[in-house]
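For reference, the structures are reproduced in the following blocks.
Common to both upcoming complexes is subunit A, partnered first by subunit B, then by subunit C.
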Partner chain A sequence: MNGTSVKLEEIMPALQGVIPTIVATSSLDHTPNVTYISQVYYVDESHVALSYQFFNKTIRNVRENPILVAIVTCPVHYDIYKLVLKYQESQTSGEIFDNMSMQLDALAIVQKKEAIFKLKAADIYEVISIEPA
Partner chain B sequence: MVVPSRHVDFLKQPLSFWLATTNLANVPEPVKCTGIKFDPSTDTFTCFVPVKFTKKAFGDLKENPLLALIGVELHTYEGYQYKGPYISQRDCTAEEVDLQSKYMKDFTDILDSFGYSGSGFFNAYFHAPFVAISFRAEQVFDQSPKNGTGGEIGTKNS
Partner chain C sequence: MSSLEIEKLSIQLAESNRKMEILRKVSFELNKLVSLPEKLHTILAILDEQFGLANSLILIPDHEKKVLTVFASHGYDAAIIGQQVPFGQGLVGLSAARKKHINLTGIRRKQHYLATVSNEGDLNFIKPIGLEDAESQVAIPLLSNDELVAVLMAESRNFCVYDKADETFLITLAQPLAVSIQNSMLYDSMEEKIRERTAALQLLNNTKDKFFSIISHDLRGPVTSFQSLTRLFSHYNQEGQSDKIESLCSKVDQSVDNLNHLLENLLDWSLSQTNGIQCQVENIFLKEFIYGIIEIYQLNISAKEIEFNIEIDDHIAIRGDRHTLATVFRNLVSNAIKFTPRKGTICISAVSEDQKVNIALRDSGVGIDCQKLLNVFQLQGQRSTYGTEKEKGTGLGLVLVKEFTELNEGIISIESDPKTGTLVTLTLPEGNLAE
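Moving on to the complex of A and B:
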């Protein structure tokens, strides 16, 4: 990670999916896009996976411009962190996908959204930086 | 009008509002809004944001005057995104600070009802002073979680 003052391990409570994450992307013509996603999943000390549920503008943007900014909130202390991420690949099977799918199913039951909270892919991102927001 | 008329009432609810900018290097910046006002006669949004969160966003707007605003209803996840060109920014009036205080109270009451700490959210996001950033919506997108989400439902060309 470059220019990071906070380590991913230090913000694990903010990655549990308790409070939905805000993500912003940009198309190549400099048009911003902002939306919510359900999950930011810890992969290793320098990678996270984001849930890909719908083929939408966020997905299209990161395929042409791989930088994504996520705002995560710790549900215990309400600390806010800004993560600058770089898209690497999309996984549709394997351990990360299976674990995220299971977590998403649990969230869907809690939120009564079983019909629409289905994981299409686990998108893997390199963590470029983490800062308190 | 670009923004559908039924959104006028929708936008008066204590929705979760986030604004985003991006610079010419295409690095985006999302910032939490502590309330908004919408003028349907001109499709103009005025978004209230704590100055504390605006440093990069203001720099982005000098390079690239485009904004995106999302508003999501927390019970149903019904949400819409509005995009368009920046118009202006100014300090908030005392009346607008009161409006933000009421908005944040209503918003965090909903979070309390979900079992989160509303006061925790309030203290995390409500920081004076505030600025009012205005932009004109030229595109509207459905952001409700469903297959086909992201579809454009309003544009200045329609």
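Moving on to the complex of A and C:
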């Protein structure tokens, strides 16, 4: 990770999905897109994952232009952090995928919607920087 | 080292100490000699005290690994104990099915989001076990040798945030918990097996006691009477009283018959206790069979001037093992003769109906005391009753009758009244004369 004053482990509460995350991406022609997502998942000290369930604008953009900015909020102190991420790969199996899939299933099964919200892939991002916003 | 770094290290040290203390407390509880539910309840209380897990459950899977049942709880009503969750349903069911831990926070918001995105408007939840409005849940499968022993579930209405270290620590706690639960269950099942084996051994012991009691008391009598008879034979022979020797012969006959009957019953009974009876099923014409039995007791019947009637059609046949059924009827006829006074009546009748033969043996005897009637087929406390002319038995007769009737797929019942006598009813399978 370059240019970061904050470590990923220090903002773990913000990666629990308590307060939705704002993500911003842009296409190759620089058209921006901002949306909310439920959660950014912790992978390791320099990687996070986002869930790929539906092929939406965000997914389309990062496939063209891998940079994504996420604004996360800590539910304990309400501190806000800006994460600059770079898309690396999509995983459709393995521990990260299984854990994310289980979390989604646990939510969706209660409403009998597991087929609708099936995880297609776990998109892995390298953390370029973390700064208090 | 800066003061900030020192402070950070101090916090880490305090945290490590706290976790060591938790491990110590949990290990202490797990080693206590108390019941498993009590043990688990105390551990859940420790987790509340140390982690703020105000609502927690331990669920145990069934043998088929299809359903989880709440075994211990903390922070809920007692009614939650025994509630069930299928494998795969909800956080707990999913954790059990996949043997992986799950940690969810902001549950209700996420579920509302799912409902909105799927355009289905209202939430349509399967009612969860535990809190209906939980915001945070963690489920940890307790595994021993990769086998699911139980699931620890904790939840809260608040947004509880656990860092990786907390999660790892809870997973570490899961190991000794799993082993303790497994050991307790093994211990309980072994205790149950020991109870069953003890009961079976007690029964065998009672059987052995009865056996020795019979040998020591009930057979001694006839053998002693033989001794007396031989002495009398010798005395009368020396005195030249051959007419008295003649009368002694009938007494010897009687004693031999009794002894034979006792020995046969004893042998049959000991064989039945050791499962040594080999049944050979055949069709038996009932009338002819009964006459064969009665012939054995003809002398006794004549001696007591008993009127013996047989009301059985020639064509009626039963199906069963000849030897064991002979034991049944010998004992029933012997009892009827024993307890019918001089010049009384005994009647055996039979009717076939619905592929069964109902046999009634009625005597005009002294009947069976109603208290005794309740336990007439039990071995425990069985005492032989002397007949109307002091005939002796072992108390085994009716025990054998019931056992052998049931061995031949039959049913027996007894009604008795001191004023009118006894009626024994047997229902046996009808013989198949087409064979």
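Side notes on the structure shown:
The criterion applied here is as follows: the second predicted complex is superposed on the first by the 121 of 133 C-alpha atoms of A that agree within 3 Å, B and C clash if a C-alpha of one lies under 4 Å from a C-alpha of the other, contacts with A are read in each partner's own complex, and residues count from 1 in each chain.
One rule holds for everything that comes next: a residue touches a chain if its C-beta (ideal position, glycine included) is under 8 Å from a C-beta of that chain, and two chains touch if they have at least 3 such contacts.
Predicted, not measured: the structure shown is a model, and the values here were computed from it.
After overlaying the two complexes on the shared chain, residue contacts for A:69 are found with subunit B alone; subunit C is out of touch. Taking subunit A as the reference, the larger set of touched residues comes from B, when subunit B and subunit C are compared. In the superposed model, A:34 lies in contact with subunit B only, and not with subunit C. Of the two partner chains placed around the shared chain by superposition, subunit B and subunit C are both touched by A:117.
Once chain A of one complex is fitted onto chain A of the other, the partner contacts of A:103 are limited to subunit C, with no touch recorded for subunit B. Residue overlap on subunit A between the subunit B contacts of one complex and the subunit C contacts of the other covers 18-19, 75, 113, 116-117. Subunit B meets subunit A in the complex at residues 16, 18-24, 26-30, 32, 53, 64, 66-70, 72, 77, 79, 81, 83, 116-117, 120-121, 123-125, 141, 143, 145-150. Every residue of subunit C that touches subunit A in the complex is listed here, in rising order: 88-91, 93-95, 98, 100, 102-107, 109-111, 113-115, 118, 120, 123-126, 128, 137, 159, 161, 163-164.
On the side of subunit A, the complex with subunit B involves touching residues 18-19, 22-28, 30-36, 53-54, 56-57, 65, 67-69, 71, 73, 75, 77-80, 84, 113, 116-117, 133. The residues of subunit A lying in touch with subunit C in their complex are 9, 12-13, 16-20, 38-39, 42, 75-76, 98-99, 102-103, 105-113, 116-117.
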